[in-house]
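Next come two complexes built around subunit A: one with subunit B, the other with subunit C.
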Partner chain A sequence: MDIFAQLIVNGFIAGSLYALIAVSFSLLYGATRFFHMAHGSFAVIAAYVVVYLHRTLELPFVFSVISGVVLSGLVGYVLFRTIYRPLRERGGSPMILLVASLGVMIVIHSLLAITFSSNFTGLTKVLERTRFELLGASVSSHQIGIFFVSIVVSLLVFVLLEKTMFGKKIQAVSDDEEVARVMGINANAVLSSVFFLSAALAGLGGILTGVDTGVQPSMDLFFLLKAVIAAIIGGVGNVYGAFFAAFLVGIVENLGIWFIPSEWKDSIAFGLLILFLLVRPNGLLGKR
Partner chain B sequence: MEYFYHLLVITSLFSIIGMSLNLVVGYTGLLSVVHAAFYGIGAYAAAILLASTNLPFLLVVLISVGVTSVVAFGMGVVLSRFRGDYYALASLGFGIIVYTILLNWQSLTGGAFGIFGIVKPEILGFTFTTGAPYAFLAFIAALLVYALSRFLVDSSFGRVLKAIRENESALAVFGYKTERYKLTVFVLAAALAALAGVLYGSYISFIHPSSFQDMVSIYMIVIVILGGLASLPGSVLGAAIFILLPEFLRFLGLPDDIAAHMRQALYGVALIVLMFVRPQGILGSYKL
Partner chain C sequence: MNEKAKGWIAFIVVAAVIVMGYLALSTPEEFEVGGETVTVTIGFMGALSGDIAFIGENVRAAVEVAVEELNYNGGINGTMVEVVYEDSGCDATMGASAANKLVNIDNVTAIIGPTCTPAALAAAPIAEEAGVPMISYSATAATISEAGDYIFRTAPSDAFQASFAAEYASGVLGAETVAILHCLNDWCQGNADTFEEMFTGDVVATESFEQDATDLRTQITKAQAEEPDLVYFLAFTSSTVAGVQEMEELGLLEDTIVFGADTWTDATVWEELGETANGLYYTQPTSIEFADDFVAAMEEKLGEEEEVTVYAPRGYDAVMILAEAIAEAGLDREAIKNALYEVDGHEGLADTYSFDENGDPSTAAYDVLEIVDGEPVVLE
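The block that comes next holds the complex of A and B.
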């Protein structure tokens, strides 16, 4: 087994795990212009739905995953309707929305911890993985599945944004909400669906990560940070940039382990962000 | 009576935290989510010095505050280039790095075991034991921090800070080096948080990285916003509510673990409600 190949492959898998969450975070930021701190919570909620439906109630896996994705989407929709939209309509600044979303993150975190305990849990009972060799690196069949699901779903989202009327409306609202309204686009309806879509995508990202490593209520911050780092490096609001940056973060993090112990992974990712903020504040594919 | 002294100590320490963080968040308008890190570095520096040297307590305080200020300076140089949501995110990331270091630098910090048996402060031959003496010490420290902060915010320096909050670009046009002001207030606030950290460590006599993680930084923001942005008495009020509220929850007789999460959820709800009804906090004057 070649260490370099293993780290690169691990980097790509980590990148595919971050990609959906980063793309959804960027999509949400592009449309609403505020940093949604509770974004990682969507990922954790969806993973716990799978824990409950699949592991506890022993319902079929695919059904549990779909339920998890839809349910986290609904949570996003409800949050927008009950908290973020009213705050926006009162003329709340992005900072007010950011602080409110911090509150949302804390509440979801504690509710999950009360319901499911603070401990790590796997999404499935079977933890055994069939492993095989790929380009001199060892990967599990789950990881290959995760990688392809993430890539395919990301591509579908890009097609949705580029080729459909719905995607055009999202772009219009992202470019200028006022103008979009004047043109007869129901901005609130668009934002509601963006919230649903983005929360559902983050949920899928959370489930994929959960399948690979398990889940814990405190992972919300882990998800949020990886998403934010990739989104900023990719240029906030730019979904394609976020997608590529997610892989960049995954690969750099894993190659970093070559030089320093793996506990420092998160610090490496953050170091990369600081570097980008200093030398390229508008991100890789700069657009602000 | 012992119980009352205990609450007085903790409330005094968190008042110091609240007032110092308010200098950055309330007066300068920068949402810093890294304050717990400085509280932690102060506590750790003092614990290590007290365990391995025979230096007098006041000198230990001085060195710990100094070390923290140096670290804060390094972070501040980077942070001062940002404002708004970027400032919040970048500072959150720094908080996570410090937590990772406290947790993983085994040989210096004891890692996940923490540090035990931190001695009580001895000043001019008098040992401040738990109870009335320590309450007196903490109260005096809070009073000093209040006086210093009051002096600062009423000075011309304080007026520049408020001007940065209102319109940084305009101020820069008038030739003010706004980055320097942001850096100075950040380091100062960190130094004061370190003082609270030193007193906390030697009071509880045991410190652990989890007392200084990013969630704690978010609690500190709850204190500042709840009590009132840009109001020093507000921060004292915020600290008092923050400490006393869970004491009331205790009478509900919930299991410890659940009570802790309930408390956490309550802080989250408080943040959300505040953003709706009073974004400047109870006694505050400035809205985010």
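The block that comes next holds the complex of A and C.
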């Protein structure tokens, strides 16, 4: 087994898990200009929906995944309509929205912990996987699946943004909400859809992570932090940047602890963030 | 809303918070026994949430069983026993705040608990300073021996567990090279250090990870690169489940023995892993076979689904030992502490206890379990 190849593979797997959450976070930030602390919660919600439907009720896997994604999307939509939009309309600054989203995160975390207990749960049974050798490294069938789902879905999001009318509207609102309204775009409708989409994407990311290792309610902060790091490194509000940065973070993290003691793994991502903020504050691809 | 209304609302909210706080913290009712209103209040600290909740909840039930039995038989010298339950999780912050509450607000006579080493090491100075005897039923790290004069435990120190594992690994399993994979908290670190000290072969790699980390791939890859005969894997439930799955993916389970410690008494680990875990080993403190009526009482409390962990009877035993000490010494905490040191050959449910000068049980015996067909089996 080639160590270096294994580490690269590990890095790509980690990156593909971060990618969806980072892209969705960037999408949301770009459109709404506020730092949504409860973003990681969407990931955890979707994962737990799958746990409940697939493991407890024994419904088919694909159906459970779709339900999880849709449900977390709906949660995002509802949160926007009931909490964030009213606050924005009353002139709430991004700071206020951030605090509100912190409250949301805590509530969701507690509800999940009460319903499902704080314990760690896996989404699929281990034995269903098969192992492959790839250029000297071991990968499982699940990991290959996760990687492809992540890439394909991210590409679909990019196509949506560039090629569809809806995508153009999102870009317009992200650019300048006031002007977009003046031009006749229903900004609130666009934002509601962005919340739904962003939450659904994050949900999918959470499900994939759950499939890979497992979930527990306290992972909401973990998802959020990785998403934020990748989003900032990629260029705030830039979904393409977030996508590449997610992989960069995943790879650097895994290669990094080859050279330094493994207890420092978590600090590698943050170290990378600090480095970028010092050297290239606009991120990999800069602001859109 | 005008200013005056806002002012009233603020006042009502503050008043409500104060009233609720008072009601929540006020001392519990006292029993009338023979004209005197005295109760013995004991504090219980356990991991009622988080990864180690399987032990905490289990022992809580055992303590309830013990206290009910005591009260049914008339209490301690005619005085009823009451317990205040606090969640110490498995971390230092929760352990310290639970200890603070029990010692300073509830004014307990003694504390049973906590479950976990990190919580115990945080709670010990608080108990020690206040002179409140503390008996843990499952905090096993070696460093607890030095935690204080008032600190006892009915579970043997990990100094024994890790040495036992080291001896077993080289003596019975024939391992010459070992990689240690451990989490970053006092319990894992203590065992890792002791193992490294006591192992007669070579420790070729030592990798670590955060207590609740689930992506251990690179750590496993690094350990694998050194081609050890055995991996000593010290982790709590989440990391274990994720880690073993990752080991399987990376092909480590094919040619390397994986050996763990008593955190793996959590049945959830084996439920999640199933057949993947076949061939894994771990240690746990040896127990006398559980008395039937104890098991029946536990089943009543927890339902038949829940297994009785090896620590539940030790929690029960801790309560009984404490009760004896109080019966002898009265409610003076220092006298209770001294009486505890006098305990010699107390026959409990799980073991026969005598405390040494550090407040640890003077003997320690361990079982090795192997996973066969997805279930842990005690090896003879």
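Rule of thumb we're sticking to: the second predicted complex is superposed on the first by the 280 of 288 C-alpha atoms of A that agree within 3 Å, B and C clash if a C-alpha of one lies under 4 Å from a C-alpha of the other, contacts with A are read in each partner's own complex, and residues count from 1 in each chain.
We take it that a residue touches a chain if its C-beta (ideal position, glycine included) is under 8 Å from a C-beta of that chain, and two chains touch if they have at least 3 such contacts.
From a predicted model like this one, the values you see are computed outputs, not experimental measurements.
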{"item": "Fit or clash between subunit C and subunit B when superposed on subunit A", "value": "clash"}
{"item": "Subunit B versus subunit C as contact partner of A:167, first or second or both or neither", "value": "neither"}
{"item": "Which superposed partner A:7 touches (first subunit B, second subunit C, both, neither)", "value": "second"}
{"item": "Subunit B versus subunit C as contact partner of A:216, first or second or both or neither", "value": "second"}
{"item": "Contacts of A:262 with subunit B and subunit C, given as first, second, both or neither", "value": "second"}
{"item": "First (subunit B), second (subunit C), both or neither touched by A:143", "value": "second"}
{"item": "Which superposed partner A:131 touches (first subunit B, second subunit C, both, neither)", "value": "second"}
{"item": "Subunit B versus subunit C as contact partner of A:98, first or second or both or neither", "value": "first"}
{"item": "Partner chain in contact with A:228 - subunit B first, subunit C second, else both or neither", "value": "first"}
{"item": "Superposed model, subunit B segment overlapping subunit C, candidates 55-63, 199-207 or 217-225", "value": "199-207"}
{"item": "Interface residues of subunit A shared between complexes with subunit B and subunit C", "value": "113, 118, 261, 263, 266"}
{"item": "Residues of subunit B defined as touching subunit A within the complex", "value": "31, 78, 81-82, 84-86, 88-90, 92-94, 96-97, 100-101, 103-104, 214-215, 218, 221, 225, 257-258, 261-262, 264-265, 267-272, 275-276, 279, 287-288"}
{"item": "Partner subunit A, residues of subunit C touching it in the complex", "value": "49-51, 53, 184, 207-210, 212-215, 217-219, 221-222, 224-225, 237-238, 241-242, 245-246, 248-251, 268, 272-276"}
{"item": "List of subunit A residues in touch with subunit C within their complex", "value": "1, 3, 6-7, 10, 13-14, 113, 117-122, 125-127, 129, 131, 138-140, 143, 213-214, 216, 218, 253-254, 257-258, 261-263, 265-266"}
{"item": "Subunit A residues within the subunit B interface of the complex", "value": "34-35, 83, 86-87, 90, 92-100, 102-107, 109-111, 113-114, 118, 221, 225, 228-229, 232, 261, 263-264, 266-267, 270, 273-274, 277-278"}
